[in-house]
Amino acid sequence: MMLIDIVFYTFFLLAALAAVGILITKNVIHAAFYLVVCLISLAGLYVLFDATYLAVVQLLVYAGGVIVLLAFGIMITNRSDGQLLSSSHLLLPGILAFGGVLVLFTIFTVKFSPGIPVNPDSDQVQQMGIVFMTDYLLAFELIAYLLLVVLVGASYLAKSSQS
Amino acid sequence: MSIDPVYGLGLSAFLFSMGLLVIIIKRNAIFVLIGIELILNAANLNFVVFSSADPANTGQLFGVFSVVLAAAEAAIALAILLNIFKFYKSTDLHQLNRLKY
Amino acid sequence: MTYPHIIFFIILVLPLLGGLINFLAGARSGPWIATAALLLSSILSVFLLKLTVDLPSVLRFTWLPGIEIGWRLDRISVSLIALVSFISMLIHLFSIHYMKDDPGIKRYFAKLGFFTFSMLGVLGADHLLLLFVFWELVGFSSYLLIGFWYKNEGVPYAARIAFITNRIADAGFLIGIILIMVNSGTGFISELQSIDQTGWWVGAAGIGLVLGAFGKSAQVPFFTWLPRAMAGPTPVSALIHAATMVAAGVYLLIRTSVIMPPALVSTVAIAGALTAFIGAFSALAQTDIKKVLAYSTVSQLGYMVMGVGVGATDMALFHLWTHAFFKAGLFLSAGAIIHYFHKHFHSIDGQDMRNMGNLKSVMPVTQFSYLVCMLSLAGLPFFSGFLSKDGILLKSLEWSALAGPWAFIVPVLGFFTVGLTAYYMGKQALVVFYGKNRMETELVKDKEDFLTVRLPLIILAIGSLGLFYSFNPFVHHFQILDFWFGHQIPLSFSMGWLAPAISIPLAVGGLFVAFRSYRPERSFTYRDYVARGHYRKWSMHALYLDQFYHESMVKAFNMISEIIYGLDRRFIDPVLNWLGMSFVVFSKLMDLVDKLIVDKLVEFVAYISKLGGDFLRLFHGRRVQLHIFWAVLGTILILLWINNFM
Amino acid sequence: MIDHLLSLIVFIPLLGAGVVLFLKPDQSAIIKGTTLFLNVVQLLACIILVILFQKQTDAASITTNFQFVEKYEWIRLNLGESLRFIIEYHIGVDGISLPLVVLSSFLMLVAIISSWNQSKQVKGYFVLYNILNASIVGCFVALDFFLFYLFFELMLLPMFFLIGIWGGPNRSYASVKFFLYTLLGSILILIVMIGLYLGVTQPGSTIHTFNIIHMMGTENFVQDSLLRPGAGGTIFGIAARYAAFLALFVGFAIKLPMVPVHTWLPDAHVEAPTAISVILAGLLLKVGGYGIVRIAYGIFPDAALNYAYLIAVFGVISIVYGGLNALAQRDLKRMIAYSSVSHMGFVLVGLGALTVEGVSGAVFHMVSHGLISGALFLIAGVIYDRTGDRLIDNYSGLAGKLPQYTFVVVFMFFASLGLPGLSGFIGEILVLMGAFDSASSNGLLPPWIGVVSTTGIIISAAYYLWATQRMFFGEYWVREASWESNMHDISKREWTMFIPIMLLVLILGVYPRFLLDFTDNTVNQFVNYVLEVGANLMGK
């Protein structure tokens, strides 16, 4: 058992447990923090899977931006009367779907993963930068515009409701 | 690195299923959003796992796109949620039946 | 187009042009312009006569595709053209005086010009169709002129009756023309002699032509329109209803009698004699100065038609000619009298002879002209009327001798009419010009205008003298007839002296009886004139024919039209509507079927799909999240399915 | 340009409709001006057409005699290997349709002037008006049955609205009546049209066609068609071709109109606005007559010969019956409407006679009656504009008050009752000559037809003169004192409508070859065609 394995399993378990936590908690704030844990764990896993750049992005965008947004949303919408909305009558269909998907994906994993070659790591960041600016330039630009539009749109939606 | 991709894929499947379960059984819209984030991350993990086997790292590339899209989605969804809350004074999905029929 | 035709067209168009210019010019100068145009026209027609005397001038052209029509100017037509334009000129002249104060004087002269144009066209036409065209125009202008004083009561009716009576006759005429054209291939009057006269159509066409002529020439049974037409201005009566238009029928008969079957010709003779008699009989009791002349015109036209019927077409034409002068003279004299009364005694009916008397003292020239024309009409020797009338009577005697005993009705009626004519004319002259003034007021001395009154009267009176036609009044051989018909075959009838021997005593006798009853010194009252006694009433109302027509035909006709209109509104329209309604009922039925069966079927189909929808709705709609569940489930199943195949 | 002259004439009014459609409803002056201008252009095009039209052609038969022919495939569906569904845009004129085309353009122009003071919903009025114009002209030039039927039906719609919206007090009844009557006729025509389409193929192929010219060729009928000459099939006990002819004839006779299917006419006329009455009497009735000549007679010459007598009898009945009805009328417009029935009877008699004179007369009478009845309805409109009343008995002695009007009225009344020198006479005399000639030349009609028809001219004289006497002669008097102030004589605008018509009536009356030279060649060929082909087919 190497150190790296220990780190891996730690992140692995953290992510899985955080997801379970999200499921079972009734408090939205808790759920949001479980999500943060899950996301950070996943960022760690990304590093272990040689995706350092994405791991950084994950930390910056998710753990930073999205969660803050989420927290604001929770704070604005959840009134302090303490009524927590979590229970549902849809437990059975949810579990069915959960089971079904899990089984299916497990089947796929078992079926396809043996064929995946293991790749020696390389300097990815530089390579990705090149690819972004050459092969995927259009997509890159589009996603930039999309973000801009979303920025404007979100602020507009939020603002128009004020008046 | 020599981690077996099976673990990654398994975790991804688990997270996806979990997100789905959250989406289906939770009544609070914010939980649903969180569930969606989980699903997106599951998908991202999949990208990363496969990317590690790919010399061109295309998976990671798309992971970046996906993260950005998830961020955009979250922003818009929260804005809509805000409006819905203004209107209904609630985020209970079971009460949002105005568009039914 | 040859030289004579150019002149003819100038003659033809001049009256029309004169009338038009008159209409555009002022009321003062316009009539003179119209008169001048006619003067030019009559001078040109004399010139034309000189041109065509040797060779008839023929002009033909295609009017309708396949139908050639044309003009023909021979001695007869050109002579008559000269006559018409000359008399029309005189009447224009007289009208200037007569219509001086009428506000519609421009309209009047325009219509008069139009009439003259049409009449000249009738005379110049060689083709029956062309003749018919102008024939109708003549009728139309006559309608316009009779109806000239359209505001007066009875005038519009008179105009309408005149036109419609003529129209009825013309319908027959038209049928006759078409039958001739269609069956013989020609409609030229000058070629009628040479056409093949076999087939049923000849008789029918002949009857048609005779009908047309009878209508225009006011013969039995159509004559009632002519006395009514006296509602028009008196110069119009002189021109149209005495001298020219009514003679057009005779002219037509003269020209077309060649194709008529003998039986028809005999009928014409009898109808003519009958008309002559009825006209003279009706003139006896008239009190209206113009009505007397009107019935006398009917009677004289009867003579002419009788002349055609007995085969004396030449004499008929001659009588037409002489009649034009003396009858125009008589009418103009009457016009002068009426005008005199209208001017000086406005409140008195200036046409009622019972108001007149001793007019010789104020109207000497009129009296002279009237006397000459009257004696000519009465048929005394040395006057033109005697010559022509005796010609006809003599021929009728000859004809009846050949035709059989029944035919003697014709000369008998003819001679009887001579006596009647002399009687009523003598009576009229005595009542109007002699005796005592029968009005409350004194007569006013008023000089007759020379140019517009005396001149036309004198010219017409001179034209009525027999001197121009024959120095010897008892010889039935006239230069003018030679001129018209070429060398004339002398009468073969051995008793040429018989006609004058009978007619002169009759005429003198008639005048004598009139003198006995109405001699100047004898005073007679209104009562003498009021129609009493059967004979006077029948005479006054012209055998009640007019009333008969009105009561029987006109009313029946109107009633039929009302009935038919009722039929249209109450039967045909409702039946069609009912048919439409039955469609509506049918459609209501269909509507029921639609509602109960078709609609229900459609609803059933809709119900089925609703059931399906409701079933499918079970999977949706309750919760938003359920959609996701189903979607995932579906995806899983699809993926499993794909996996199975892979 | 010259090649498409006919299309131009047909589509100029549609262009007008399009332009007017895009104008604002309150721009009435521009709307009227546009319509007027385009109509003048159309009339000029018609005049060019007349000038370029060859009076005598080398064509040997009626089927090849058309000029200015335009022929394009319009609708084409391929139904498998050798079958095709083809509708052609096929137009052309010959001597029979040319005068009617010009007449319709001319009368339309006059009617625009007549409706110049129209103020109610001007835009809609003129849009419909333009459509009406195009459809009428289209009817006269169409050589494809489908195209003809299209225009024939298209005519109905604007007419329905023009009567139903702009008409008199009882307009909805009248318009619905008009619509239903003519629709019934259209259905009969439609049935025969479909039957003919299925029975006729293009020469030398198996493709069915709507081409009228092909339908005239007896060799183009398919072997198993009921309508093939000599096929021997019957419909309701009548030989199929005869039944088809009767259906067509009735369809067009309703439009003509013929007694006893005429009762829509008086109602429609009384309710329609003046300009529409003019078009109705002047043009729509002619479409019926034209349809009989071009389609019923053209396609079924044998049936035409067989039923010539019947047609003439109905013509005679129309003449006398319409005339007597006119005599009974108290409403001026109704009287004129019935006189139209009477006069269209002459057209039927002329067609029944099937002689050159008769058919020439029928065509001439259609044109002449178009002008005269148009003017007569304008006349009724003049007095109606002044007082809002058309009852003859409500007026008296108008001659003194309105001399110019009286002049026009007398002129037109006498033109209509057939005074020589005016066009009405020529038409009538040609028809009568035809009727009498028929007895001796082709033996179709006995002479009594002509004799009884002649009574029509007496009856027409009776009602016209009676109306004149009652309305215009005598002392001046009108029923309502309030009318006095409106009693002014004919205005300049009204003179501009009357003068051209009067001139044309006069010219046609004095020099009928002005028109007959155009029709003569075609009519000759037409009569020869009907007589020869018809006799051949009847012999079969």
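Think of it as A, B, C and D in the order they're written, each chain with its own count starting at 1.
Simple rule for what comes next: a residue touches a chain if its C-beta (ideal position, glycine included) is under 8 Å from a C-beta of that chain, and two chains touch if they have at least 3 such contacts.
Source: prediction; values computed, not measured.
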| item | value |
| --- | --- |
| Pair joined by more contacting C-beta pairs (A-B or A-C) | A-B |
| Most central chain, judged by mean C-alpha position against the global CA mean | D |
| Whole-Å separation of chain centres (CA-atom averages), chain A against chain B | 6 |
| Gap in Å, rounded to a whole number, between the CA centres of chain C and chain A | 117 |
| Rounded Å distance, chain B centre to chain C centre (Cα mean) | 112 |
| Averaged-CA centre spacing for the pair chain D and chain B, given as whole angstrom | 79 |
| Junction residues of chain B - those touching two or more other chains | 20, 24-25 |
| Overlap residues in chain A, where contacts from two or more other chains coincide | 88, 90, 93-94, 97, 101 |
| For chain C, residues contacting two or more additional chains | 623, 625-626, 628-629, 632 |
| Pairs of chains in contact (touch as defined earlier), listed by label | A-B, A-C, B-C, C-D |
| Residue ranges of chain B in contact with chain C within the complex | 20, 23-25, 32, 93-94, 96, 100-101 |
| Chain A partner contacts - residues on chain C that touch it in the complex | 623, 625-626, 628-629, 632-633, 636, 639-640, 643 |
| Chain B partner contacts - residues on chain A that touch it in the complex | 4, 8, 12, 15-16, 19-20, 22-23, 28, 31-32, 35, 38-39, 42, 45-46, 48-51, 53-54, 57-58, 61-62, 65-66, 69-70, 72-74, 76-78, 84-88, 90-91, 93-95, 97-99, 101-102, 105-106, 108-110, 113, 116-119, 121-122, 124, 127-128, 131-132, 136, 139, 143, 146-147, 150-151, 153-155, 157-158, 160-161 |
| Residue ranges of chain D in contact with chain C within the complex | 180-181, 259-261, 263, 321, 324-325, 327-329, 356-357, 360, 397, 399-400, 414, 419-421, 425-426, 429-430, 432-433, 436-437, 440, 447, 450-451, 454-455, 457-458, 461-462, 465-466, 468-469, 472-476, 512-513, 516-517, 520 |
| For the chain C and chain D complex, residues of the former touching the latter | 62-66, 129, 132-137, 140, 143, 147, 150-151, 153, 155-157, 159-160, 163-164, 167-168, 170-171, 174-175, 178-179, 181-183, 204, 557-558, 560-562, 564-565, 568, 572-573, 576, 580 |
